[in-house]
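Before I ask anything, let me first share the structure, which is written out below as structure tokens.
Naming follows writing order (A, B and C), and every chain is counted from residue 1.
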Amino acid sequence: MSTKSSDHDPYVRAEIAPPSGIAFPHKHLLGTWGLDPTTIQHLLDTADRYVDQNRRAQKTTPICAGLTQINLFFENSTRTLMSFEIAGKRLGMDTISMSTGTSSIKKGETLLDTAATLNAMHPDVLVMRHADSGAVKLLSEKMSCAVINAGDGRSEHPTQALLDALTIRRRKGKLHGQIIAISGDITHSRVARSNIYLLTAMGARVRLVAPPTLLPKDVDRLGVEVYTRMDEGLKDADVVMMLRLQQERMQGGFLPSLREYYQFWGLTRDKLAVAKDDVLVMHPGPMNRGVEIASDVADDFDRSAIEEQVEMGVAVRMACLDILTRNLREGGEA
Amino acid sequence: MSTKSSDHDPYVRAEIAPPSGIAFPHKHLLGTWGLDPTTIQHLLDTADRYVDQNRRAQKTTPICAGLTQINLFFENSTRTLMSFEIAGKRLGMDTISMSTGTSSIKKGETLLDTAATLNAMHPDVLVMRHADSGAVKLLSEKMSCAVINAGDGRSEHPTQALLDALTIRRRKGKLHGQIIAISGDITHSRVARSNIYLLTAMGARVRLVAPPTLLPKDVDRLGVEVYTRMDEGLKDADVVMMLRLQQERMQGGFLPSLREYYQFWGLTRDKLAVAKDDVLVMHPGPMNRGVEIASDVADDFDRSAIEEQVEMGVAVRMACLDILTRNLREGGEA
Amino acid sequence: MSTKSSDHDPYVRAEIAPPSGIAFPHKHLLGTWGLDPTTIQHLLDTADRYVDQNRRAQKTTPICAGLTQINLFFENSTRTLMSFEIAGKRLGMDTISMSTGTSSIKKGETLLDTAATLNAMHPDVLVMRHADSGAVKLLSEKMSCAVINAGDGRSEHPTQALLDALTIRRRKGKLHGQIIAISGDITHSRVARSNIYLLTAMGARVRLVAPPTLLPKDVDRLGVEVYTRMDEGLKDADVVMMLRLQQERMQGGFLPSLREYYQFWGLTRDKLAVAKDDVLVMHPGPMNRGVEIASDVADDFDRSAIEEQVEMGVAVRMACLDILTRNLREGGEA
């Protein structure tokens, strides 16, 4: 197959536009908290239209040509940064990426001054990752352009939740009513949090399956079911979403040992047997094989959607960049 | 507002060209030292034409399409590197950026061999920052293409001085005759040095206001007035330009303590009261709030031009890239 | 001269295509091992056509527009990474570069999972450098797109060998029959290894000239002549290719001291006197002057081709990117 947009009807890509009345209701995308189902569905539909029959997010007509996207990552990342950079370039954006190592933040500047400086460069969209919960929101308040949260502390990682939702919807046909077990280090996971908000908003039945020490304190208010045993939590599940064990954040005795963690909480074929036959296994990556997931489960291509998640990542980020910059672009798309 | 160039008359951007007889008289832009007023004015005029009514440096027709810009930074930087990268992309350049961490310089190569290697890649413009004074000039002697100094040691940072001058000219109408107090760590500041050369060349009255330990040794030859007290140095000033206290360079007892520094040399409302009512407050960033400048002064949007400086930075760098590559481009613009 | 492609007949660039029957016979370019002479010649011919009369690899019509090139370097590099990035941009590629510092590999992901993730981003070409021999090959087995090895451990660095070959061919007219002495730290050198395979395949007479401790163990199987004295190994040589002394890999007593190394193995005018009068001196860079090569030899522009090697590097990488992505592109070029 060819990757040239001229192979495809370019108008298919160019005409993606929100049906009247459901334009994106926010300036920024800081989290999935508070997003309504219509908006979520519109984001997913838009993303889905970028994906071709090989699950590749297609290069479009350069609908974002002339726009400037800054990716500013205060935490290291390969996959998310690369995904946003590819997404931007596929839309024709001018993309500028900077990682923490080369930042003057170390020179003692406050976050608000960094925001003022970034704003004065007049980007059209800012994608930001930060180690502190709330930092992206704080910065976004100073920005004239759209800000996309690419992960902040333990708080939110909305594009991850959107790509997870798109993956589930493509595999299962819908989100509503699906039994989705999220298992592992939920306390430290912005991925879990964004997924909980989005999936419950879409009518999925979300279960958290984790040892009590790895459950968030506000678990009662999340609208989820809580399980502290894998055999109960995974029973009849449609989707099992494993989380990365954030070993770098685990100082302080949350767990006895990795070996013991794996024995009780690692996803193995045995533990998975209680789920539905066609259960979908997901992981946001990077995986610790033999810690939170067994290799044969990760590599079971009938049930594992781990690569499809990455594929949907590019499409979802294209949709977010597209939709959040529509008001800057001319004419019919706005 | 829209950011598409097609919203504007594209010819306005494309036709920017030096009036006959005042093409840029140098191959490189290594400093403001020795730049004549006509050349400075031409650079500022060109930059100014890139700025729209929102103080955004506009995307142009891609007048530099097909040209290759290498940004090679041997010192960390967010704002300057990003500013040059945005400037290049807005002109349609292919930009390639590299920061010191990923450089083979650590492998023991000499600077002249690095220069020969870079030259053999045949970029059309090289933007370079280096921790050593004179390093950019040394390297430029080996380069066939235009070199722009993005800051070398304590020596020069010409685009910073140009963006400062453009900011002052836009706010005050002219540079000639303005009383401009530069205050703070002048010894270690390439920003101060480039500003002194440029502003005196344009007929401004430049004052240096600093403790004797932070004044450069050649201060008598700079054509400036010297003050060692804030109340005298800021009296009737049209512009107060505060410098960043280079704490990382301050080992060696130049100052007693940050608290004491702030008390005597930090810019507060009280100290600023002796300046003209419509005084303009500037800072090249990143700021140490509570060290060289009080927060309420930095955030006083009537008098502070700190964000406008960053905005003018993109425009000034576009002008420099544009003008220094004109001889490479076709036809009428050369 | 101008760098605009419109100054040149664009069709000259666009029509570069393999004569029928000699399309590139491999999916990846992992090494020069096993490349047949026709394929090598086709790569060199293609590269050569990109070079203008100033030895600059010209910007082409954007034949790779819409394609995505990922440069993923798990070892630091300036010249190779920059060269690939320039090469990609000159073909119109969307290029995305990442160096090891900003990678999540440190988070414990396996190389195969990294490969799966990269593959799921659907790049059209992946350029990869890795500190471990064989790592690029391992990863390439998981990739749907073309992979170019930009250097892996002590194994191969095929584009370096191709640019060396192009340099020799341009200077000497042909590769066949040339006496080429490769001297220095051969054990640790992927450059040497790729050159040996390529040059012997093209019928050159390759000599390895090194102390026994710096010769590879499989030297008898390489089809080369071995010398352990410079005066014998350089006698009548057409080309002397010096290697970088990998000091960072020299822990373990391979050599007594740098001074002694230079005395016996550094390339000086005296040692070079036994070679042919028009001998070509080459070095892959970065050079350790006064260690493996004397400054006056490196700077002898009649005989040194060191800068031309870098120049050919951009052209050779353009050719590799062009040829390896042809099957993705439309119509007549495939």
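In this section, a contact is a pair of C-beta atoms (placed from the backbone, for glycine too) under 8 Å apart; a residue touches a chain by one contact, two chains touch by 3 or more.
The structure presented is a predicted model; accordingly, all values stated were derived computationally and were not measured.
**Q** At the subunit B/subunit C interface, shared numbers over all numbers used: above half (same) or below half (different)?
**A** Looking at both copies, the contact residues mostly diverge.
**Q** For the Cα fit of subunit A against subunit C, please give the angle of the superposing rotation, nearest 5 degrees.
**A** C-alpha superposition angle, subunit A on subunit C: 120 degrees.
**Q** In whole angstrom, how far does the Cα centroid of subunit B sit from the Cα centroid of subunit C?
**A** Computed value for the inter-centroid distance: 39 Å.
**Q** Tell me, which residues of subunit B touch at least two other chains?
**A** 101
**Q** Quick check on the complex: what are the subunit A residues that touch subunit B?
**A** Subunit A reaches subunit B through residues 66-68, 70, 94, 96, 98, 101-110, 113-114, 116-117, 119-124, 328-330.
**Q** For a test of understanding, state which residues of subunit C touch subunit B in their complex under the given definition.
**A** On the subunit C side, the touching residues are 2-7, 54-57, 59, 73, 76-79, 81-83, 85-86, 89-90, 99, 101, 244, 247-248, 285-289, 306-311, 313-314.
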